[in-house]
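Input: structures, listed below.
One chain, subunit A, appears in both complexes that follow, with subunit B as partner in the first and subunit C in the second.
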Partner chain A sequence: MRVLRYLLIFIIATFIYAEDINKLKAEIIENISMLYIKKYPIYIFINSNYFNKTKKYLQKNYYFKMVNNCDKANICFVDNYPKNIKGKTIFLTSYFSYLKHKNAAGAFFWQKGRPTIIFNKHFIITHHIKIPKEYEDFVE
Partner chain B sequence: MKKILLTAFLFTFLLASNLNNLLNKLSIKDDLSNKTKKENAGYVIVYTRQDLDRMKILSLKEILQRIPFIRYDENNFALTDPFYAPYQLNNPTYIRFYLNDIELNLPYGSNILQLLGQLDVKYIDHIEIYMGLPSFEVSPKPSMTVIKIYTKKGYRENNSIIETLFGNRGLNEEYFTSGYGDETKSYFLYFGNDNIKRKNYTHNNFSLKRNIFSKSFLGNIQYKNFEILIYRNQGKKDTFIADGFKISPLNPYIKHFYNLINIEYKKGSLKIESNYQFSNIFYYNKNAYIINYNPLIGFYNQHSLHLHEKTINFKISKKFIFNTNTLFLEFLTKNDKFNIENEKINNKPVNIKYLFTKRHSNIYGVEYTKTINQKNLINISYTKLIQINKNTKNYSSNIYRIGYIHNNNNYIFKSFIFKGDFLPTPLMLNYNSNLNKVKTFAYSFKIKKLDKYGFTSLLFGHTNIKNFIAFTKNGLVNLKKENNYDSISIRKEINLYKDKIIINPWRLWANYKSYNIKNIQDGIIFSLFKTINSFNTYSSLVFYKNHKQNNEGINLDLTISKSYKNFEIYFKGINLLNKDVTTDYYLINPLTNKKDIIKNIDVNERIIAIGVSCEF
Partner chain C sequence: MNLKAYLKKTILNFFIIITIIFVLIFILLKTFENEFYKEIANIEIAHAFNLVYKIRQIINSKEKEKNRLLNYLISNDVKYIYVIKKFKNKLRYIYDGSPLSQRAIYLQPFEPVNKKLWQKLFISKSPVFETNKKANGIWITFLYPILKQNKIDKIIVIDISLEAYNKFKNLLHLFNKLFLIISIIVFSIIILMNFFMFRLYKEQFESFIDPLTKTFNRKIFETIEKENLQNDIVAIFDIDNFKKINDTYGHNAGDIVLKQLVNIIKKNIRDYDYLIRYGGEEFVLLLKRLNKKYAVKKIEQIFEAVRKTSIDIGNQKINITISGGVHLEPHKEKNLLEAIKKADQELYLAKKNGKNKFYIYSESIDNKIFNLNDIIESIEKGNVTIYLQPILNIKTNKIEKFEALARIYHNNKIYLPCNFINEIKKTNVYRNFTYIILDLVFNCITHLQKEISINFFAEDFYDEKFINIIEEKAQKYNNVLNYLTIEILENEKIENIKELSEHLNKLREKNIKISIDDFGSDYSNLNYLIYIKPDYIKIDSSIVKFVKNEESQKIIKSIVLLAKEFKATTIAEFVEDKESLEILKTLKVDYIQGYYISKPLPLNEIKKIYLKNSITA
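Our next item is the complex of A and B:
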């Protein structure tokens, strides 16, 4: 409740903060999408508690299109692995889901108080995805 | 053509926003402390997760040493007490301590920091320190300093860690943490075992010990809008010179356990929480010489008792917004029970009846905030505290605060005026049931200049305290004349990618009119967080000088850590120069008025330790 103090000035501060943070998250989605999908525009589906608010930033970018269904997307950022969907690039945004679905393209989650990205080695090899050298630490 | 365009776009895009950089930025911006917002909130210092990970603090002692206007100190029982003065009671209202926004307290009159201040705190995610009387949010009870610690959350951990630490004098500590989940459901568990072998002393062939053995558990479960927090600590502390007519302790100690259970429901701006805190402290003192005098028994050299304390809290708060107006309402009701049992003198049970064993408090808080325009804001808050004490007089207190904040892109100006009261503790009322409340008045301002790499700030505060409670020749009384404190602090923070520099000189002028004493205390806090190749380093130098007591010291702490796959090894050094400020302790024999003094005791003795952690 301490944050509630000085509320209105913080509405401004919070707004700037929120903008920044969701813009940052959107940039992470863009970066990951461009690594996995080598055509454009890239159709993206998001159903993730952590990334849902990034949609408005992604929509502004000419190279990315938001879709309402994982079926129609090139890459899906989701908390839970979608049922009855095959051959899609599924990027999980929950650690628990990633533990259950090791066939996902990769995962984003927080670990040890820091944001973490994992690129699934098996998925990368079988889909012939080139990961730049500086991201080799993310491959697992 | 399209492919060329796309390739060019991708190339420039990837150069501009490397994933590593983005993750670094995200870890700072989305830190659970919401530091970006907090820095605009009040006179607050935030230790973020990134800071604490590099500092590897062994206890809150290291944080207390780095708060402007405070000198870390311990009382004659070797318990944490930054305001220690011989033969004066601890005033728990000077430093309030919160865990996840829950005020932890021992209602009879001790400060929870006395139990927890020297213990491991590996469950902490971040720490907020609010300085000065008017700095805290709505409906607080007033306090000189508020320390708020926030525990790690399972959804930000997603790992299990086992860690061990060995140090000089046989110091050893072991911890286990485990936390998993996502933002809708998660858990975090912590187990800690502290075996703190402190530097002990000998005085006239009497061994003065300060060792601590402690076990802690913390559990946090979060499910949708609900959160349950459980904390338990139990341990044994050797109590150094303890109490008596002469320094002649024969292994005195306290054994304690403290428990907290809190349930919280949060939806939007509505927050409802209820908690139950209970503790049991067993105090045992035995001296070779006299401890004290009892009219029924005479002089005695052995004394023991159990102190039971219980607190039940219920709190509800809600915020309402009307255009540029915000109204925040809070209500808290609290029941405290405390009792001394099984008291023995010279191993014989004594039947002392303490009539004052219950207290009921209601706190009503209202805060109104008006945004004049995008840059200017005023804030008015009022809190009413009603305290109903069983078998002794009741108290009520009105707390007012007015604040003005100007905020633009380059600088922030804040100013507060505060008026409120400190109420006497039950322990104080058992000495003197006619004590008046301590009245406080404070004003302060802060100017903060922001720049590309951080900020520079200047904080000035003036505090006036009337009816100060102290022991005199007439017993525990309200002093007739007032105390005045003026304080100034300049803080410079420079953030360079992963590195950070903090420089914080401060000065405190105190004028104790009742004693006709003026004093000046100076301090300089310097901290450097630096990454050198694959090593994370933290070094900190703290200088302190008390002009009146002619007491000064310098403390150098150093941490070097390195991670390798799932392992991390670190070196931790505290007071490496062995030149930190020391404390003199004494006991007075009232029969002869002779002081038995032991001088230059290290309250922050040198520690050299190595820790290893394994993540799985």
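Our next item is the complex of A and C:
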């Protein structure tokens, strides 16, 4: 976990030097997924204009499988909160959507050329997810 | 230095200079580029400061749609404008003038990426900025703190677009391209100038080259005359018997010999040494920056290479030899030509003393030729003496005669006549020198009462007055002429042998004996036996030296027979060992002389050794 934590900080801190932003976005998705899902492979569903181009990078990773809908997925990164879905780990791609859906696990989106990550405190507590101290700045 | 070496040196220098120029240009451009970006970044920061005033006005106003008003400040250069506030240690957006797609909502959390910059802001409580060329569309992030009761209340964030950077970057690229084009033009001009300079140099260079041998000609002295000769060595060479090669094999063969000699010498010298054709078959070699000891070895090496190499002249191969004179300290002379002149004197001696050798001129070497003034000074001071070399009668085994050999003292060194006699010949000094020698010889005769021979040139007796001088000098002594033998030296062909014969007969009338020196060598002529009618024939050292060879023995045998026919006594000089003595005994030579019997000694020592032992060998 410590490795993952440092990796996340390193990735965020150095993102501005990365030439391929989509690759960087994919790496952040991988790190968030590994924090929330403790089994492999992790099934990911992405339905967002922000992250559509990250799929090609995620597909290359052996531990991640891309799925077509939220039902089959362990974790979803979507613009709008899916209907009739309960108990899933959903990350929304805008702060506005996140504020509307209290059941969402958090938000991850790209704004002004920078990443914004928010971890839902209520979700973390109810799902017994351990967030490292270093990540506590992202929790609200 | 040859053309190839010059080319090599020039091209190398040229490339070094060009490389240095380009490295300097690159450093200059990079420095300029950095300074340029710093300057335009400063302009953008100044622009951001101007915006801060307007932003503060907006956020302090009572307007409801502050985000929309902030958005009006967005331009091509300014990408995002937003205001951040700290709530319970968490940074949140309070205003955002960014375009709608990128606009954050009120109290949306803000997580700074460049944390160090934000820390710096909170510590300094003053505006900070950071430039980053690779940011996602952002070049400069500018943070301006709004203070309330000396605490940071809000932070204005202005992101300057990368487009502003690229705008200047394109301008800089244009400038770089322009600079590159100018550099290429300048570079081309330099190359062109070099090319023309090289052509000019080549033309000038070719005027210094001898067309036949491709060595330098005498014109090169105008250039090298100015060079520092410290640590240089100058030598002059001459092909032995070159006229004979031309006469025997033709002038084409002569040309081939000259070219081949140059090839041999060039193989043994360095690129920056000068080989100059000084005259027909005469070459001057200027060895640059060479240790004296090594220089002598180098000259020996050249001589050896010439001796060993057979030259193909078309139909056959011939071997040549060279003679040379070397000056080890040319810098001590007035100029290079003066040094060559000194080396040339040594060449003359080398030629005279048998060729195929080189002599070295140096003040530090004993065989230095001193000038006429030194000789006059030494003679006037009476620094002249004679040494006597015993001559042994083989039959009686007794020392019966001596040969007188002149010596001059100068600066605590002894000099042989061969070192200076040519300098003083045909001068009054020579006459004075003769007076002194005759006095010394007559003095020795008086002491020893033995026959003593003395060398004179045949040409000395062309003048009848010379005989009178001998007679005048003898008058002071008692009965000395009976013991005197005149050895006739021939350094050139005797032109008027009849006249000489008449003068020598006058000497004979006064009981003076006549000897022919070096019989069998260069100018010896059999008819001298008829006209000179010698009492003694001195067999030349070049024959006696090889007495162990059958051929030499045949010659000596013939000379002995010939001498008997003319009632002359034979003397063999240069006897250096017992074996030679024994052979000469069997060949019936009458007298012998040489280091085996004794080296030349002063009168005092002769008296001590030979008078005590009744002059027995």
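Simple rule for what comes next: the second predicted complex is superposed on the first by the 115 of 140 C-alpha atoms of A that agree within 3 Å, B and C clash if a C-alpha of one lies under 4 Å from a C-alpha of the other, contacts with A are read in each partner's own complex, and residues count from 1 in each chain.
By definition in this document, contacts are C-beta pairs under 8 Å (C-beta built on N, C-alpha and C of every residue); 3 or more make two chains touch, one makes a residue touch a chain.
From a predicted model like this one, the values you see are computed outputs, not experimental measurements.
Looking at the shared chain after the overlay, A:I21 reaches both subunit B and subunit C.
Applying the stated contact rule after C-alpha superposition, one finds that A:N49 touches subunit B and leaves subunit C untouched.
When the shared chain is aligned, subunit B comes close enough to touch A:E134, but subunit C does not. Contacts of A:Y63 after superposition: subunit B is touched, whereas subunit C is not reached. In the superposed model, A:D71 makes contact with neither subunit B nor subunit C.
Touch criterion met: A:G113 reaches subunit B and subunit C at once. Among subunit B and subunit C, the chain that touches a larger number of residues in subunit A is B. Counting contacts by the rule stated earlier, residues 12-13, 17, 21, 95-96, 111-117, 138 of subunit A appear in both its interface with subunit B and its interface with subunit C. On the side of subunit B, the complex with subunit A involves touching residues 2, 6, 9-10, 13-14, 17-20, 22-23, 25-27, 29-30, 32, 34, 36-38, 40-42, 49-50, 53, 101, 125, 128, 137-138, 148, 152, 155-159, 161, 180-184, 269, 271, 317, 319, 321, 324, 326, 328, 330, 367, 369-371, 374, 377, 379, 403, 405, 407, 615. Against subunit A, the residues of subunit C that register as touching in their complex are 79-80, 82, 90, 98, 102, 104-105, 108-111, 113-115, 132, 134-138, 159.
Taken together, the subunit A residues at the contact with subunit B in this complex read 1-14, 17, 20-21, 24-25, 27-28, 30-32, 34, 39-40, 49-50, 63, 79, 94-96, 109-117, 132, 134-135, 138. Residues 12-13, 15-17, 19, 21, 95-96, 99, 111-118, 137-138, 140 of subunit A are the ones that touch subunit C when the two sit in their complex.
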